[in-house]
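Two complexes are shown next, each including chain A; its partner changes from chain B in the first to chain C in the second.
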Partner chain A sequence: MTSQTTLLADDASCPASRSLWQLGWQRLRRDRIGLTALWVVLAFVLLALAGWLGLAGSHWRDEVAKPNMPPALFKDYGPATVELTAADIDAAQQHNTSIADASAATGMSAEDDPLAADMAAAQTQAANAAPLAVTPANDSLLVLGSDSRGRDVLQKVIQGTATSLLVGLSGALLAILIGTLLGALSGYFGRRTDDLLMWFYSVFTSVPDMLLLLAFSAVMSRGIDTVIMVMALTSWTGTYRLMRAEFMKHKGREYVQAADAIGASHRSRMFRHILPNVTHLLLVQFSLLTVALIKYEAILSFLGFGVGISQTSWGAMLAEAPAELLQGYWWQMAAVTLFMSLLVTAFSMLTDSLRDALDPKVK
Partner chain B sequence: MMKKRILVATIAALAATGAQAADMNKVLRVAFNVPETGFDPAKVSDTYSGAILENVFDPLVTYDYLARPAKVIPNTTVALPTVSADGKVYTFKLKPGIYFAPDAAFKGQKRELTAADYAYSIKRHLDPTINSPWSFLVDGRFAGVDALVKAAGKGALNYDTQVEGIRVLDKYTLQLTLNEGNYNFLQILAMPAFGAVAREAIEAYASNTNAKPVGTGPYTLKEWKPGNKIILEANPNFRKLVINGQTLPKVGRVEVSIIEEEQPLWLAFVNQQLDISGIPQAALQEALVIDPKNPLNVKLQDKYAKQGIQLERKKDLEITYQFFNMQDPVVGGDAKEKIALRRAIAMAFPRNETIAAIRRGQAVPVHYVIPEGVAGHNPAFKGAVKYDPAAANALLDRFGYKVGADGLRTQPDGKPLSIEMATGTSGIDKQWNEYWQKAFDSLKIRLTFKYGKWNELNKANRQNKLQMWGLAWGADYPDGENFMQLLYGKNAGDANSANFKNAEYDRLFEASLQLPDGAERNKLYDAMNKIVVAQQPWIFGDTRIRSSLAHRYVKNFKLHPLLNTTWRYIDLQK
Partner chain C sequence: MLAYILRRLWQMVPTLFGVMLLLFILFNWVGGDPSYILAGKSFSAETLANIRHQLGLDKSLPEQFLIFVQQVLTLDFGTSWSTQQPVADILGSRIGPSLTLALPMLLVSLLLSVIIAAIVAYVRGSLTDRLVTLICTLAMSVSALVYIIAGQYWLAHKLGWFPILGWSDSLATNLWLYVPLPLLLGLVVSLAPDIRFYRSCFVEEMNHDYVRTARAKGLSEQVIMLKHVMRNALIPVVTSLMMSLPYLFLGALLLERFFGIPGMGNEVLNAVDRSDFPVIKAITIYVALATMLFNLLADIVYKLIDPRVQLK
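Showing the complex of A and B:
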């Protein structure tokens, strides 16, 4: 900023000219709520980054504690149910077996089983080898408790944050890309192109969003990439309409005509001249979409159409909540609710502030 | 107040006519956790639709509600049928004076049940245009019927042709002639699928027979919102049926809600919006005190016992199993290394852990294809492999399933190894999948899931497109044959979902059909089970013990091992 001021210092009568972005940043900095929201969102992004890079939450699948342990602070507020273990079932079977067939134990003899020799060898080999390191379920307390398999809810929720943010951010980015590209083509060229793309748009919007989401996720396989694709494919329509209108408005402006006069190509006029003048709208659109997609992902996973078994997300965690609540295990849902509402609220407020800050008409 | 009530009662008594005993003011509210599919006995085979069929239609014979073990008794017949010496000819004498429920299809006439109705109903299962899911029970069983089916080709069966196997001797006499003796024939006829339909009604509602069941049973379908609500009302034409001095049915109206999610189902019961309900898995520990030493030893939690809630338990006549598609190039086949792969997967699955965590101890492991309580079960046979992931890994090592650079095993020929398991999308499915994932992770084998609705997956499996899937089989009738046929080669792609084809097994199965229940047949069953254990087309699962609850005011509450419902016996005294 200083270099710019020196550059312009020659013309003392003219005040330093600032770009829309600089003005926007200045306005945002004055908005206390917006700034706080920005910090919260940044903190979440950092947490998600740590999750993606495996610095935090990477051991979420390890069974580190007893199943359904309440959070450390509330260790006396869990329901007083006794969790059965495999050992209990083993013992009960042993007991029943000894009653049932004390007389004649019919089993397989060696000649019945083509693998008898190999099985015996494998069993000896396994018995001789060092026993697998089995980490006994310990009683140590976890900050956010454990889930039905004894996994740390804190680790899970961090991993869930990473997934949900990844899905939200990249889904929104992809949707913006599709929407902007199609919107630009449609608004700039008009006529046949516009008709065709509008028809395409109408087809997409005529189907209810949720139905479209479910239809896409039913045909595609599981995984984060699929969820992102599905989200992007269903949510580009809003951006498309916006961009189409903006490009229609801008293409008749003087600066575009001037660019045309000096022989700028269509591509250059669309993306070098018009696009930079509408990007502030895209930023707002992007944050709106991110919030919506984080919520959509939760719904998809809740309905069982989201991420697979080896991944977790907020929605996948919430899907476990109804059965848990019935048994009085409230902490997993509480943790997800806390994280999710914090991020979604912060993101929504940030979007609001961004819109205020970037709208030139608001001073 | 008192007076008024007496008056109402007198009027009600005067209004009630004939054998009608049901109190129309009594409403029994129950719920299904899976949607029904329809109510045409020849078109549906799911338990939930079957529960409705059971109350709308009358099979020739049924089960005694109170006798244990289950005992077949006459239903619409005067007595059990007379059977010829060779066990092939069954002659049924119908009770006269049994009438169908009033329906527009009868044009205002009172329509009596005749032997021809049963002949028609049985023939419908053979009609190629109906494509009955129960055809495996009747195909090739009746003398001379094959020619009739052949003549129909792909078109409708000619119901008017007289055939030797299904003959109407007079208005009330039906004679069924089998090609070969069958010790389970009466139990098969007791299934709701073989209830009598009226030809006029079926033809009148031909476009949608699933929505218009017209039968002679204790209830009629009053209202049906598919997948949402089914309302039954007492059949005003129902014959006089007295058991232990009580005229049935007692309750005038049955309302069945479909509640798929566990939590609302349980809350509806606790809040007395349902009179009878099973306990959903998630609520088991909330409802029952389970003894960790012996998880099958349970009692109601005090807060429910105090409300007078009644608990009934029964061990289902069922087995669950995870099957491998035996025709699949990766997991199927009878080469030693293929058996080793299946065996290793079975050895890595922590079955007792799932019984503890998912079933909450309310299940026992399966060790034999035939479950306890079904003729032919052998409690001494221990067919399930021992949980031993270390030995499973050693076994895979021995057969050349090498661990590659990516930490995953390859096939012995060096090709990548990846196994796909079919699964549903519910929360319970997810719990199971986590255990499967863990088992495959411990074996270092790549596992993927194929998600789908049950009927879609079932279709895919019939087309031989699945690799692995988990199923449950409940007894249609309490005989081992009903279970052993699950692996019979000729039933491949149908009831034999694993597509298991083993010549020796088939030979033994065919031999076992010729024998009555007894030591000789059990010997064959043992030999067949040994083949199943050796070839490992299945990973044995468990047999569930079901707990059902009823509120204090529900009377005559008792579960039956084979009947789906006991609504006609139940009374409400609020």
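Showing the complex of A and C:
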């Protein structure tokens, strides 16, 4: 009697068979490091979303404070700056106007000077514009300080996060799409298709990534969409290799033969039957690529071949760092380094955890 | 063996053709008409036509491609658009500085990372191991740019231990004076990923049964590590080393830029900056050739150090 009830209870508690994704999620939830990394990455994605939607960091171009103001916490650690009083500025302006008197400078009378009328017009225009150009001196402290033009480093770094993540995520996504499509065709059909695509692959791998990136950016216009495209075109090769091997392995398996027997088309066998069985590899590949592309983007933007000047990114901010460091303004570089290492560390740890969690051999 | 090498060399022909096609599409088709760049500010229809004729742009695309193929086969890429120097001369003068920095860097980095990785793998699971792995992970998360900017500022500018940048004509001066700082910073960037990768190679080998057998028959730990494990673990190390050799020709791009070293990497960046297509094309072809040859060499070395490998 009792044995039967326990048997029944066992039956009821016996869980339904779970998919790899459910198992993976369960394993990831038990992995404290992996879970923390996941939350950090999600927080960055949210921050980047806010940046794209203009909710945060959209005022990064505004000159809101004095140039080169140190961060609030370290306000005594910045280099000493000479405060200009209003009297100094007035004196400098007086000096300027006396020199700017064009006729006097050229030693010609106003009638002889062909540019006199233009100069006068320009001077009145400048006088009109001058009151607008003066920004109210803002003494309020900024959390991360300000850059050489008085822009808020916090706003800039948020906008930079948005740009860098956009480039990293969409570049990796595109690269995965190209790699998976070509890899699937190559591994599934084999023969001529495989030969052709392998040739294509060998062409792209025989030139180092960085050189290929530079060659592409030499002929294309600068801008964020170019950077994404260039990165996708140069980094699909790893995914291709992986997917080609997987599709070769899977196409002979029984479940694919069964799909063939019930009349599934090639496309359906490739993308409805095989693809879901290899997606977990793609997820790991995707996060690996994202990290790599974020690093590449920083270097490209630093060298001036990345995002345009109307946008900012971590690389573009780092490009300002050498000149600032020389004057002792270290906080812009520190802010970028902090944000970037946090994201990259979290992403790398998440990748490791994902790889373990989604490994079908582990129970 | 000879038949294998010849077959592999033959297989490089279509790949090289593909690289040429890719470059041609990029620079002659996507890149658009360069004659406007070359003509500068004061161009007339006549000068434009003249430039187009000189570059062969007035010919049809297939004919232009043939010209490019001819250039690659004779390894004569004409003259640079920005300096009018022959491209071969430019590259000839750039390869020396690149190798002066990259070769010592490769050797020191390889030696250090293999030794550290072997030690860390030997004490795997210990506090030292976990600490080194953690430091490597953290070090890898910081952009190479930050190391170089901060290193150049602190070690050269603030502390004055090294010159900030520069290069001379004498090899000895370069090695003593100008190479150490870029080399050190290059090491900082490359050590962390290398140690992690090599450590995993060692750890994987140490879990094999033959290690237990060697231990069971009473061999000393030193012999096991140096004679048994090392030989097997070095196979992936050698492969990755051979794969990184083509980068010697490309030079350390960022380091050369920061420290004013007139090497290949700096030349590539300048060429991209000035839209100097012949130089970019030439460097890409050379690096692609080097990559293919070193891939072949890697497979041959692979065979030499691991007799189980069959070359097909």
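In the analysis below, the second predicted complex is superposed on the first by the 293 of 363 C-alpha atoms of A that agree within 3 Å, B and C clash if a C-alpha of one lies under 4 Å from a C-alpha of the other, contacts with A are read in each partner's own complex, and residues count from 1 in each chain.
Here, contacts are C-beta pairs under 8 Å (C-beta built on N, C-alpha and C of every residue); 3 or more make two chains touch, one makes a residue touch a chain.
Predicted model, so just to flag it, every value in this text is computed and none were measured.
Chemist: Tell me which partner A:Phe305 touches in the superposition: chain B (first), chain C (second), both or neither.
Modeler: A:Phe305 contacts both chain B and chain C.
Chemist: Going by the contact rule set out at the top, does A:Ile262 touch chain B (first), chain C (second), both, or neither?
Modeler: neither
Chemist: If you count the residues of chain A that each partner touches, which comes out higher, chain B or chain C?
Modeler: Looking at chain B versus chain C, the one contacting more residues of chain A is B.
Chemist: Quick check for you: in the superposed arrangement, does A:Thr337 touch first (chain B), second (chain C), both or neither?
Modeler: In the superposition, A:Thr337 contacts chain C only.
Chemist: Using the touch definition from the top, say if A:Ala122 reaches chain B (first), chain C (second), both or neither.
Modeler: first
Chemist: May I ask you to decide whether A:Leu326 touches chain B, chain C, both, or neither, giving the answer as first, second, both or neither?
Modeler: Once the two structures are laid over each other on A, A:Leu326 reaches both partners.
Chemist: Is there a shared patch on chain A that both chain B and chain C touch, and which residues make it up?
Modeler: 303-305, 322, 325-326
Chemist: In the complex of these two chains, what residues of chain A are touching chain B?
Modeler: My answer: residues 67, 81-86, 88-93, 95-97, 100-101, 103-108, 112-115, 118-119, 121-123, 125-127, 129, 131-132, 148-149, 221-222, 303-305, 308-310, 319-320, 322-328.
Chemist: If you look only at chain B, which of its residues touch chain A in the complex?
Modeler: Touch list, chain B to chain A: 261-263, 266, 280-283, 285-286, 290, 292-296, 336, 339-340, 343, 350, 352-353, 355-357, 360-361, 364-365, 378-383, 388-395, 397-399, 424-427, 429-431, 433-434, 437, 448-449, 451, 526, 530, 533-534.
Chemist: Which residues of chain C touch chain A in the complex?
Modeler: 14-16, 18-19, 21-23, 26-27, 30-32, 137-138, 140-146, 149-150, 152-153, 157, 246-247, 250, 253-254, 257, 268-269, 271-273, 275, 277, 280, 283-284, 287-288, 291-292
Chemist: Which positions of chain A touch chain C when the two form their complex?
Modeler: It comes out as residues 199-200, 202-208, 210-212, 214-220, 295, 298-299, 302-305, 314-315, 318, 321-322, 325-326, 333, 336-337, 340-342, 344-345, 348-349.
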